[in-house]
Every structure is written in structure tokens, then in C-alpha cells.
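In this document, chain identifiers A, B, C and D correspond to the written order of the chains, with residue numbering beginning at 1 in each.
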Amino acid sequence: METIFTTERVRPLLVQVREFVQNELIPLEDGFSHNNLSAIIPILDQKREQVKAAGLWGLHLSNEEGGHGLTLCEFGQISEALAHAPFFGHYVFGCQAPDIGNTELLHKFASEELKERYLKPLMAGEIRSCFSMTEPDFAGSNPTRMATLAVREGDDYVINGRKWFTSSADGAAFAVVMAVTNPDAAPHLRASMIIVPTDTPGFKIERNIPVFGEAGEGWFSHAEVTYTDCRVPVSNVIAGEGLGFRLAQERLGPGRVHHCMRWIGNAEKAFDLMCKRAASREIEDGVMLGEKQFIQDFISESRAEIDACRLYVLNTAHMIDTVGVSNVRDAVSAIKFYVANAFLRVLDRAIQVHGALGVTDDTVLSAMYRHERGARIWDGADEVHKQNLASSILKKYGLDIKQKAKELRQFRQMMAAESSL
Amino acid sequence: METIFTTERVRPLLVQVREFVQNELIPLEDGFSHNNLSAIIPILDQKREQVKAAGLWGLHLSNEEGGHGLTLCEFGQISEALAHAPFFGHYVFGCQAPDIGNTELLHKFASEELKERYLKPLMAGEIRSCFSMTEPDFAGSNPTRMATLAVREGDDYVINGRKWFTSSADGAAFAVVMAVTNPDAAPHLRASMIIVPTDTPGFKIERNIPVFGEAGEGWFSHAEVTYTDCRVPVSNVIAGEGLGFRLAQERLGPGRVHHCMRWIGNAEKAFDLMCKRAASREIEDGVMLGEKQFIQDFISESRAEIDACRLYVLNTAHMIDTVGVSNVRDAVSAIKFYVANAFLRVLDRAIQVHGALGVTDDTVLSAMYRHERGARIWDGADEVHKQNLASSILKKYGLDIKQKAKELRQFRQMMAAESSL
Amino acid sequence: METIFTTERVRPLLVQVREFVQNELIPLEDGFSHNNLSAIIPILDQKREQVKAAGLWGLHLSNEEGGHGLTLCEFGQISEALAHAPFFGHYVFGCQAPDIGNTELLHKFASEELKERYLKPLMAGEIRSCFSMTEPDFAGSNPTRMATLAVREGDDYVINGRKWFTSSADGAAFAVVMAVTNPDAAPHLRASMIIVPTDTPGFKIERNIPVFGEAGEGWFSHAEVTYTDCRVPVSNVIAGEGLGFRLAQERLGPGRVHHCMRWIGNAEKAFDLMCKRAASREIEDGVMLGEKQFIQDFISESRAEIDACRLYVLNTAHMIDTVGVSNVRDAVSAIKFYVANAFLRVLDRAIQVHGALGVTDDTVLSAMYRHERGARIWDGADEVHKQNLASSILKKYGLDIKQKAKELRQFRQMMAAESSL
Amino acid sequence: METIFTTERVRPLLVQVREFVQNELIPLEDGFSHNNLSAIIPILDQKREQVKAAGLWGLHLSNEEGGHGLTLCEFGQISEALAHAPFFGHYVFGCQAPDIGNTELLHKFASEELKERYLKPLMAGEIRSCFSMTEPDFAGSNPTRMATLAVREGDDYVINGRKWFTSSADGAAFAVVMAVTNPDAAPHLRASMIIVPTDTPGFKIERNIPVFGEAGEGWFSHAEVTYTDCRVPVSNVIAGEGLGFRLAQERLGPGRVHHCMRWIGNAEKAFDLMCKRAASREIEDGVMLGEKQFIQDFISESRAEIDACRLYVLNTAHMIDTVGVSNVRDAVSAIKFYVANAFLRVLDRAIQVHGALGVTDDTVLSAMYRHERGARIWDGADEVHKQNLASSILKKYGLDIKQKAKELRQFRQMMAAESSL
């Protein structure tokens, strides 16, 4: 169903992108076993040249960066179209995570020098990057608890710490690292984001973490990284010292729309495979799977869920575009958990409809599951978003849960202080 | 969250309507026990005068009918606002079911004579009407199976049959009756819609059906009606003989949007009560219900579901307005079951949050449940819509389920014929 | 499916009970409109005589009380069989709530004098009783918060307070009232259970609370009751002063098994009606509702849920019988929310399968819903049981949540004290 | 919670088994990355010797086979205990699938010669076996549709066909192959089970199928196998020609109990990890994950689901032991889908509670998911079991769905025949 959000500007681009995805990328799935995703990177790199030749590279970029200046809401629709070729689409069009997020971040907040050195080749697809925030020893949903330290020595920071789920670190040219620079400041002003080139002595990829049976490599990987006396110039800080948490917030709004629209495109992919299977798999002589109401239930529920999610995300993106992210924080929280869950339900149904084939790597379904089950965890687990959303809602009803939680933390600290006497 | 669908035309109307609902209707809930809804009708009738005085009567009507000529999408937003006062809002503003549906039907399809006689006083709120389609002996979801007959005798139809769930028949001035006029035609061309004044000899309300413990009366009732040799002029047929099924289809598209937007407004009402309770109910000394994550879960899931549903319905209404209902049949099916289920989940959570109070008639919640549990049943049960939606989707994938079902029916008739030899 | 729990002693009783229910009680449903349950009491009272004549009265009673000395596990199976005739079975066999709970309580804990005066006629079905614990102003799930006071004056208590959901107070001979007798004791030792004859001056039924559209009367009602200077002798206290909370706990273990087994029997009733409808309702020529997989899904899920629930409850009852309720508190919590939810799901499916008929009072389904939606609320809401169960489990893993909550309460009291200075 | 099913005979065995699992197997999980399961086989083979030394080998075997002659219900409890060490337990104790199923099959139905040659070394753990039934081109849930042919030539069968999901074929000594021997017989009498040694010319493992990112090897694998002119003696048929389908049925009853009890043990494992994490993971200073009600909800729901499932399966096993599998087919269908779904829900919650760690292979959780998502598919998908169960139930209500389906098949064949004229 076309939505009200399809502008005249984006409509022809959508046609071009869908055509490219359909003709150039989806055929790559044939016979490809998705248990070793990185095997396909060389072919995807060739496709990138075709995309550039067609003028479709970097559709997320602003006009001055050589893009089309699409709004978040418009690019969201492009992103959905790319996600019809899961794993392939965004990479080939140069707007894959985590690079797209780093691009936006550097574009908005980095110094000219950093832009010249890091942003330019990143936008051109000449290098890749990674984002190093979460630590194994601390719950990722609380960005104010962090052990990685960047201690200032002269004009340098000396960084020590351990990060994990630094996605795509393997082969990246630089990392954006979140580290505590001001340990004595208020919690939300302690950390900074600092660029660390991956050839900096002391930067070490300990391992690509095996995730659901695949450690992966290159872009398709999530590294555990240690920083041991990593020395970088102070000018590598993005925006300024102590602003790490604020930058993280800035990154998250559009980032969640990106994730959500990719999931919606992925969900459409799963839906398409589910319907193809339902229409073509004979289960008894002359009876197709799709004639069974169990399957019809899967299909109808999925259709409704996907369409409702799309409108929810696009309206949220539209509001970000028009009234600013700070006015729609509730919606940004809500779409994150709502879409992630809907997507995983659709995916699960598609797997079920494929029977034994569904659990193999012969279709893209199980790979999607393996790589996206985390959708309900990263960028804030479902539970964290729901708690935040409800707290925000109830505040309007006169119940300030965060204030009470704060008082409680103070009490706990007081108790801890007493008991340590 | 404001949506993209709020036009400049509807925005000031929304403000007025919300104000009226808030100031005039919601206070009526105080101390009102919802186990006898009809007790409040006299008061609502007074409020109607205020609405008329404020120029807000009949917001669903076209300009030439004295309305504001709102699109379906715009009126949907009004309808949601009215539904913040469940049971009261639509009635007071003169756009309550089933009259709104009959108004639309007569406006589009009735002869000038019928309009003059029935539509005009209906629009003015001087009379009420009912719609008599479902029969106790046949599954309502299959409108081609029907036992009520209208036999032509001279210039009259003589109608015999039994209907039920003829909502608001008690006190109505006329019924729109679905009856078989052409039993030998193709199934979809057998029935007609005929106006039967309720003072016609042979029209009898057998009972107001007790629904979830309340038989109700007047507008708040669902009658079982018998038609015994009811004689009405042939000119009482709407649009023409044999068009009953097509009219039913016409009625359903906008009708479903109306239902869905009312449910969304009702859901917002339940949500509001849930949050008020969560913010104000102390469960331990100094601890409010809303501090509990179980409750936060209810609130957050509900917020996301309602907002996604609203956008889904409004986009569907917008498509009906712009490309016509026949191009969005899938969406019309999808919103029906999707929104009904979401609404009932929200309502159930609100009841749970209220504890013992939630099952009483001291709040509007249990009355909403009693009167709206049928949302998943009437106008096509969930299961029927899902089957239709999936069939329509799979047809695009080359599997024609309806065609196979048709062959199967033919086989069954053949078998039945043989076995009866 | 027969279970391992069916002993030789209970098997013949089950046969007799099922036969009686089938032949004498289920026929009463025919043509009975369930929107006025109390209309049937006179007929049920006649059936009671037949039960007594057949030696089946009071199957919950011990041998010395004239019963059969069944274990809780054995009686549970009887209770399920009685619940195949919802609302009728338990009453006719003299083991209806709240009398069964009061019987158990008095039997175990009351003085000989109280037994003679209250228990004897109660067991004989000559009088009815009620249980008055919950207060509208306090969350029922926290029995230590209570405003009703019983002040000792000489040999009397003078009781003042407001209770609600005092089920079956209308027509009862006495109430067991929970009231604070020792306000300065530790929270769990403040309240007592006291017998108050309903003809005591100051005992007033303010109203039978309308619940889901039915205020009811007599046994089928839930009263709001005020106690104004109600004076009863101190000897009316059960077991002893300050033991109210402990008695409540004692009452709850078997009480939950009773509830659960009744719900399972009710669920079987709903299941039976669902299957009958599925097998007999034609939805197209020659096609029965039960041929649709949507309906098959409802039936199969329900079958599995009911059977799993029964085994869970009976095993819990068996453990209560053999190792004592204090050793299976976790299971007692778990069955409460698990069975209540499963039952309500089965019931909802049965309603859905009945279509429009399902929401009427022409079947017992909607009455069951109206009277049992509270199953997830009373005797501890789902959320309370889940919190308690998880806390108990996590304590074995070294996390003492209750202790932390206690510290937190102290902190809050401290803060409150400070802020009031 | 101990259940009523724990006999005096099995109680001491359970103690021994649990101790071994706890002390010898669970420590192997430490630091083991579950993305390459076969790496641990050499260590597990050492543990097997300890098991044999302790007299705990082959606890599923009858007394005459050197086992303990446990009932199915008793062994089910052992199986659950073994599954606390997922992947390790059953293998180390010599009762892993598919060998346990083949053992039962050969024990009951094979000739003495086949027993001597294949069963004996299989029971001793000297060889492994596989079971070759499902074909990629046919829905596995319909065992009467099959393309693999075994054509008799003299005293040999010559077998041709393609199978997949022939689990553990890699390294197996022989396969039990389902093949059509009597193509003209009634559908259920066409196929036979035949032993094919894997060194038979023409037996070829085409690949170990990558499943959720892991192709595996050895015991941990699912092969796609081709049979090309595989020649085996006619005496390799088990039980007799045409009995393949009946043997498959025989295999399935106990097989489903085995699966279910393994899943329940696996679910307990996931539950245990979930609780450990909840009790030890600090999410804010001084606040543990388990203090959050979202997590408490997960824990409580899981506790109830697992305990209800266990009782349901054990009661079913008990009925198989006492009244025979043919009298409890409905329950055997029901536990299959009911337990598989409950297990996967528990597992999903455990993953969620672990956050990012949960999707890695650093815990056993994601490996369990990858290897057991198929639980809802193999041995009959959920949908097939539900359809069968509902059909069986509704037959008692007078609706014979299978008969109608049969008539429909005949019609379709008739139509197909006509259209091919």
C-alpha cells in the first residue's frame, strides 16, 4: 500500500532503487548459503560501482555532500527498499550501519579537519568505520556506567578499556570510541566520543564474537576490542569534551528510524518469501500450503503488522523532520520496540512456513534471524524503552518516576556509604 | 502525537469537539453506573441541543446536507475525539451507528422521495433508524446465505423473516432490511435493501437481546425482530432490486473506518483511565501503581498499539478518499481485525490496572468491554477478514484460493445432488 | 484424558457427580437467559434436596463432619466435575464459595461454641455466609493495609469500616470480617478475623456492586458493606487476636486449588460448547465451522492448555496433601495466575466461535466471562503473584528482593518523616 | 517441584545422573564457544567411559539389554536431567537421538540377525546410526508422499532417492531408510524401513546442511543424502515390507516423549541461566536485573510453563506405559506442539535477559535456539498436530473432517483426471 509519505521527489528514486535491488541484488541470493556472509563482499563491491555509475550512491547524504538532500522520512522509504535485499542492499548503496551513523555524526559535529580526514573517504566508500560504545561488564542500556577511560596527557588522550559489539571493526579504518574523560562531572557529562584510527598502537581486536553460530569477518562481524594505552590527539574528540552522551542521544533518533525502516524492509522480504512458499508448496496432491488457514493467519497478521509499523515509523520520521527529535522522544522509543518485535514475529512465521527449509541457510531467513534477534536488545532493550516511555507518559499524569528513582539512588549510595564505614 | 493527516480544515473543529467532550460529556461519567446505559439518554438529548447551537451537529454530513464536507480521513479524527466519551459522544453529535451508516446509504443511493421522507428527519436527529441484516440461523459473515424473503405482490413487497442484532430497533422509525427478492439469481444478486417503517403491521421486536448481562433499551439495544407478511411499497427498495449485496459492500468500507476510529478513541479513553489510575493509586506506602514495571509494560504497549493503529486507519481513509475504496480493500479488511484486537487488548489492560474496580460498572471500562467485545465478530469476524486478506494477497502470487473454493462448492453440490437421488 | 490422580475412592463419586450434573443441572441451561442468574435459585434449592438424598451433599467435608474425607486433590476433581454446570453445580452440592472457604476456616480454627452456632447450619446449607476483607480504598493485594478497626470495649469489639466485594453478603447470616485489632503490632499481626452476624446493628449492605452489567442479588452478588459501631462479643474472634493475616494465608492455599479446579471445569464447559458449535454450525453449504483451521487452532490450543493446567493444579493439591502448603507456596502462586489466564483464553475462544451468539446471554459463556474476568484480579492479581513467585525463586539464587524492598520502605518512611518536619 | 511420577526406582538414579551432569558435564561449558559443537566430541567420548564405569550407560534400555528396565515415564525424568547439559548429556549417557529411536525400533521389530549386527554395537556406543525419512521435495508432515524407491531385484533392494535432514549421517555406520517398496498398495502400505550401511556403494552424503549458520559435522550435523542404485539384501527390511508407515507411527509416540522431556530439561537449563543472570547482573549501582518486574514476569511465566509441561508429558508417558500409545494419540499430538512452543518461549526470554551476551555463542542459549527452533517443525509441524488433534476431537462431536478431506481428495483426483483428458 502506498502511503501519504511518498513525495514527488522520492517516488522516482524509489523506482530506480527497487529496480536495482530486484535485478542486481536479489539474484545473488540464488544458491548462496548464508552461513558465510562475508564470502559475497567482493561481488557486492562490484555492484557498488554500478550504483555509483547510476548516481544512486549515498542517498542519505545532504546536497552539499553530493547526496539528494532527502528528508529522514524520504530516506526511510529508500532504506526499506534496500532492505528487500537483506545484508546486500545498504552495503551496496553505501549507507550501511555503522558507517551511516558515523557519517551523520561527523557531518554534524566533527571539526573540518576530522571531516576532511575521516568523513570524506567514509562517504566515498573508500574506508569503513566502527562505533565502540558497549562494554561487556556493564549493561549497555545505561550509557552513564562505563569503565573505558581517556586520560589527558599533554595534547593526547591515552585510552584504556574493553569494548564489545564494536560492529564491523574488522577492516575498519577508524573507531569512534566512547570513553570517560571527566570522571568527576555529573554522570551525563563524563564521557566523550573520540576518533581512534585502528592502526593506533594498543588498539586490538581480541576476536570477532561468534553470534548465533557465526563469528563473521570484515563488515559482517562484531568485535571485542581492547584499548591499551591508545594515544590519540585531543583534537580527535568529536564536538567537545563531555559531550559523548549528548552525541549518543543525537545519533539515536535518526538511528532508530534507520533501524526500523531496515527491519520493515526485511520484514517485507520475509513476507514475500512466505507468500511465495505458500503459493507454490504442495502439501497434498493439488493442495497448496497457502490454502491452509494457519498459513493465511500468518500472512494476514504479518501484512497488517508491517503496514501499521511502516506508517508509525514514517510519521515519526516526518515529525523529526518537521518539529525536531526532542519533541517526539516518546515515539522514537515506541517505534524501536514495537517494530523490532513485529519484525521478529513476521520472520518467525516465514521460517515456520518454510518448514525444514526455513531453519537452513539455503534461504536468507535464518541469517536474518541470527543477525537481527538482537534488534530487541541493542540500542536499548525492549524493557528499557518501555520503562522510559511509560515514565514519560506518567509524568504528564503527575507521577515523576525518574525523580523517585533518583531519590532512591541517593538513598542507596547513602546506605552503601554507611555500610562501608 | 499529532499526525500528518490533521488538515487545516479539521484542526479547529477538533479543538471545539474535544472541548465539548471534555467539558460537557466526560463530567456525566461521574457517579454514573454503566449497568443501565439508557438512563442517560434524556440528558444526552439536552446536550444535543447545545451541539446544534454550536454548529457542530452532523459533522459527517456533506456541505449540501448542511455538514462541513469533511473527508472520511478528516471525519475519522472527529470520530476519535467523540469516542473519548464512550457511548455519549457520537450520539450527542448525531453521528451514531447505525444511523450514520443509513444516512450515508440513503444519501448515495435512495430515491429523492425516500430521502425526503426518511433521510431528512434522520439527519436532523428527529427519528432513529436500524439496519436489519443478520439472521440467527446463518453465519453473518456470509451475506449470500439468507432466509428472509421479500415476495413481490403487485406494487408491494411482502416480507417474511427473522433477523437479530438489529441494533437500536427499539424506538427506531424505520429499518433497512436485507431480504431475498430474486432467489434464482446468482448468489450476489439475490438480495435487496428495503425500507420498512417500524409501524408496518407484521414488524415485531421479539426481544432486546441480552448482551453480556444487559438487554438495554432504545438506542442502547440489539433487537431480535420478526417480519411477518410485512407489506411495503416496491418503491421502498434502495437503489434497485438485487443490489443489496453491493450496497452492503459500499456501506462496509467507510463503516469500518468509522468503527476503527471509534475504537481508537475508546482505546484512548481506556488508556487515559489506566494512566490516571497508575499515577494515583497507592499500593504500598509511598509507592504508586505506575512505578511497577508490569503496569509500565501495559502502558507502553498500549501507547504504541494505539498510535500505530490510528495511522493505519487514517492512511486507509486517506486512500479511500483519494483512490477509492475498491483499490484498498485489503487495507479495509486488515484494519478491521487489527484495530479491534488492539483495542480490546488495551481495554483489558486498563481493566486489570483498575483491579476490582475494573470489573464493576463504576467506570466505563466494563461497559466498553461488554458492548465492544463483539468488535472481533460483527462486520466480519477476525477469521473471515484474515482469510479474505490472505486470499487476496496470495492471488498475486498465482494461487487463486477463491476459484478453488468455488470448484469445491460445485463438487459438494454435485455430491449432494447425487446422494439425494 | 484420565490422570494419575484419580484414586479408587474418588472414581465412583466422580461417576455419580457427573451423571447428576449431566442429567439434572445442564438441562436447566436450556432457554435460561444468564443475565439474571438469581432467578434460578429456587430451582437449585430443589435440586439440593436430590443431592442430599443421593448422599452427595458436602463432598468437601471431612468424615467426622459427615463428608467423605476426600483429600484436596480428590475433591479438586469433584469440583471440576461440578463446574461443568457453571454457577449451578457448586451451589447445588453445597460447596459454593465463599461458604466452602468459611467452612474450612471455622472447622480448623473456630471455638466449639462458634462451630455449633455458625458452622453446623452452614454445612447443612441452612444458612449462607460471606467473607469481608477487601476495602475499596486499599489495594486488595496487600492485606496489611486496612482501615477497618475493631476496638475492644469490655467483652465486645466495636467495628467500624467499609468493605467491598463481600461476595454473597446479600442474604447471608453472618460475615467473617477482617479488621485491625492491634494497630501497633507488626504489620502482619495487626488484624483479626471476627464473625459478625448480619443482623448486628450497624451492619449495612450499601449496594450490590454492579459487575459487568449485573448487580445480582442473593448468592449471586458482591456487596459493598459498611460496619458502623457494630458490636460483637470478643469470643467471635476466630483462632485469636492478631491471627487474621495468618488465617488468610491458611485459607488461600486450598482456596486457590478450589478456584483453579472450578476454572478448569468451567473451561471444559466452554470447550464443550465450542466443539458442539464447531461441529454443528454450517457456514457455507455443506461446510461446518470446525473444518476451518482457525477454529481447529482454538480447539487444539484449548485442549492442551486445559489438560496441562489440570495436571499442574492436581499435582499441587497432591503436594499440599502430602507435604503441606508451606512447602509448595511457589506452586500455589503459579497455578493461580497460570490457570486463570488459560481459562479466560479458552473462554474467549469459545465466545469467538459462537459469533454473535457468543456475546449474548443465550449461552452461559458471556455470564462466565462477566463473573470470572476477575479471576486475574482477586486473591492476588496476576502481577502480584508473579512478583512474589519470582522473588521467591531469585532468593535461592542469592538475590533477596523482599529484603531490599523492606529497606526501601524504611527509607521512604524516613524521608516522609523528614519532609513532614 | 517434585512430581507424583517420581518412583522409588528412579529416585536414586536421578540423584546419580544429576550429580554426574553437574560435576562432569556442566563445567565443560566454561569458556566453550558453542559455534563449533563438534569440537567437544573427543572430551564427551572420555566422559562416556566414566558413565559406563558408573553403571549409568544406556538408561533407556530394557533389563535384558543390560539397562534398568525403566518405564517411559521414568526414563523421561532421566532424560530431563541429562538435558540440563544441552548437547552433552544424552550423548555421554548413550541415549542420544537418533540412535535412541533406532535402538527402540530395532529392539522391537528387527530380526535377530539385524539385531546382532546393528543393534548390539549401537547399544554399546561402538557405532552411530541415522534415520533417513524426509525428502526436500515433499512436505515432511505427510509421510505417504515419498519419491525414494526401493525396487526388488532378486534378493536385493535397489534404492534410489534423495533425503535430507538425515541427522548425524556424517560418521554413522548405517542408515534406516524409508523407501517405497509397494507403489501400488494403499498409501499407508507403500513404504518400508530398510537398513543401509553407509559404506554401501551409492550412499553419498551430499553435504551437511548449514542450519542457522552451522553445518556441523559428525553427530552434530544434518545431512542431505543421495541413494544411487544402493543395493542391500532384502533381509535388511525391518519388520516386513509395507510396514514403514506403521513403524514410523510406533517410533513417534515414545519419540515425542523423548523430545519433550529433553526440551523440558533444556528449558530448565535456560531458566537456570536466566535466574543466575537476573540475580547477578547489576544494571544500576546496587540494582540487580532481577529486581525489575519485566524480568520477574519472564521468570514467573517460565516457571509455570515448564512445570505444567513436565506434568503434561509425564502423565502422557504414564498413560503410554499403562494403557498404550494408541489410547493417548491426542495427548501425544498435544504435548508435541505445546511443549515445543513453551520451551522456545522460555529460551527466548533467557536470551533477552542476557542482553548482548545472549546472542553470542559464549552461552549455550543461542546454540540451543539454533538447534531447536526446528522443534516446532520436525516430527510434524505445530499446524499439522493441531489440525490432527482438532479433527480427532471433533469426530467425537459427529464431524468427521478426515472423511470429508478424503472425499475431497477423490474429487480432486477426478478433476485432475478429467482435465488431463
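Keep in mind that, in the parts below, a residue touches a chain if its C-beta (ideal position, glycine included) is under 8 Å from a C-beta of that chain, and two chains touch if they have at least 3 such contacts.
What you are looking at is a predicted structure, and each value in this text was computed from that prediction instead of being measured.
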item: Steps needed, at fewest, to go from subunit B to subunit C via touching chains; value: 1
item: Chain labels contacting subunit B and also subunit D; value: A, C
item: Per Cα centroids, the chain farthest from subunit B; value: D
item: Rounded Å distance, subunit A centre to subunit C centre (Cα mean); value: 50
item: CA centroid of subunit A to CA centroid of subunit D, Å; value: 37
item: Subunit A and subunit B: spacing of chain centres that average the CA atoms, whole Å; value: 42
item: Sites on subunit A at which at least two other chains make contact; value: 292-295, 297, 383, 386-387
item: Subunit B residues touching subunit A - in the complex, by the definition given at the top; value: 1-5, 275-276, 278-280, 288, 290-291, 293, 295-297, 299-301, 303-305, 307-309, 311-312, 315-316, 318-319, 328, 330-331, 333-335, 337-338, 383, 385-387, 389-391, 393-394, 396-399, 401, 404
item: Subunit A residues touching subunit C - in the complex, by the definition given at the top; value: 292-294, 297, 407-408, 411, 415
item: For the subunit A and subunit D complex, residues of the former touching the latter; value: 33-35, 134, 136, 139-142, 145, 164-165, 209-215, 281-287, 289, 292, 294-295, 351-352, 355-362, 366-367, 369-370, 373-374, 376-378, 381-383, 386-387, 409, 412-413, 416
